[in-house]
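Look at the two complexes coming up: chain A is in both, with chain B in one and chain C in the other.
== the complex of A and B ==
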């Protein structure tokens, strides 16, 4: 398992995405899967950067684990205010443009594109874990 | 992300290349908001757009809401990857994709 500890600031978004992508490089993922993972990483890290410590600064830990099956498990840990982003109500995607609210889409996209998403508040930390099945590497 | 603007009277085409993410979206939003009031036709050309996160989707939504009242809006040259995102978020029902 690889781990990145970084200040939870928006300016670090590219560093976080690059860190995760570098762990996945060897898997040669289809573009769709790669984009789904990048999207999930962005939405979750940006949430932490915006809300966890605001208006103070704090750190975020991002752990990436590749399992044999293969799956990728990415865990985001912060020590900010307890906040479960999964508890927010999903947007109603059947509404018209005029009815739709602007916002609330980020975490919804994460839920839709990952195989498993879980949150717990443990020992003073927000721990959000996402999991995605990967296609086996073809020789 | 790079934005090329093609303005013709009250019609505007925005060619967007690269990634529309939380960091780059504010620049796109500024361009859209600055132009929006006087438009009757707005086209987003996403042919060179590699990635769009919710920060980009909200700009498309706010533009669509406004254009519904004053003209037409189209999104063109959408890749399969972006199409998947529009589908999952219900944006296929909201946007006119040509």
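== the complex of A and C ==
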């Protein structure tokens, strides 16, 4: 497992994505899978950057583990305000953009693109874990 | 992200290519607003957009 500890600020989004992508490079993933993982990483990290410590700053830890199956397990840890992003209702995507309430779209996209998403508040930390089954590009 | 505006008289067609993420969504949103103020109708062509996160979708809204 590889770990990145970084300030939870929007300006660090690229660093976080590059860190995750570097762990997955060896897998030669299909572009679609890569994009789904990048999207999930962005949505979660941006939420932490915007809300976890606001208006103060704080740190985020991103852990990446590749399993034998193979799967990628990415865990986001912060010590900001307790917040379970999975507790809110999904946005109603049948509504038009004008009708639909703002908020919730990012985590909805994470839930749709990842195979498993889980949350716990443990020892003063928000711990959000996503999992995606991996399939390498076949020649 | 690359942006190209095609003036079709009363309509502007905005071609967005590349990525729209939390880093550039605000810039894209400001540009959309500017275009919307110039043209009564605006078409967004996202055919060659490879990636858009919720930050980008919110700006389009």
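Note that in this section the second predicted complex is superposed on the first by the 131 of 139 C-alpha atoms of A that agree within 3 Å, B and C clash if a C-alpha of one lies under 4 Å from a C-alpha of the other, contacts with A are read in each partner's own complex, and residues count from 1 in each chain.
Everything that follows uses one rule, which is that a contact is a pair of C-beta atoms (placed from the backbone, for glycine too) under 8 Å apart; a residue touches a chain by one contact, two chains touch by 3 or more.
In this text, all values refer to a predicted model and were calculated from it rather than measured experimentally.
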(message) Do chain B and chain C fit side by side on chain A in the superposed arrangement, or is it a clash?
(response) clash
(request) Counting touched residues of chain A, say whether chain B or chain C comes out ahead. (result) B
(message) Between chain B and chain C, whom does A:84 touch in the aligned arrangement: first, second, both, or neither?
(response) neither
(message) Contacts for A:13 in the overlay, against chain B (first) and chain C (second): which applies, first, second, both or neither?
(response) both
(request) Give one of first, second, both or neither to describe whether A:113 is in contact with chain B, with chain C, with both, or with none. (result) first
(message) With both complexes superposed on chain A, which partner does A:32 reach: first (chain B), second (chain C), both or neither?
(response) first
(request) In the overlay, answer first, second, both or neither for which of chain B and chain C A:105 touches. (result) both
(message) For A:22, using the defined touch cut-off, is the partner it touches chain B, chain C, both, or neither? Pick first, second, both or neither.
(response) neither
(request) Have a look at where A:42 lands relative to chain B and chain C in the superposition and call it first, second, both or neither. (result) both
(message) Can you give me the overlap between the chain B contact set and the chain C contact set on chain A?
(response) 10, 13-14, 35, 38-39, 42-43, 46, 97-98, 102, 105-106, 109
(request) State the interface residues of chain B toward chain A in the complex, per the touch definition above. (result) 21-23, 51, 53-55, 57-58, 61-62, 64-65, 68, 80-81, 84-85, 88-90, 93-94
(message) Touching residues of chain A toward chain B in the complex: what are they?
(response) 10-11, 13-14, 31-32, 35, 38-39, 42-43, 46, 91, 93-98, 100, 102-103, 105-106, 108-109, 112-113
(request) Write out the stretch or stretches of chain C touching chain A in their complex. (result) 21-23, 50-51, 53-55, 57-58, 60-61
(request) Sort out for me which residues of chain A touch chain C in the complex. (result) 10, 13-14, 35, 38-39, 42-43, 46, 97-98, 102, 105-106, 109
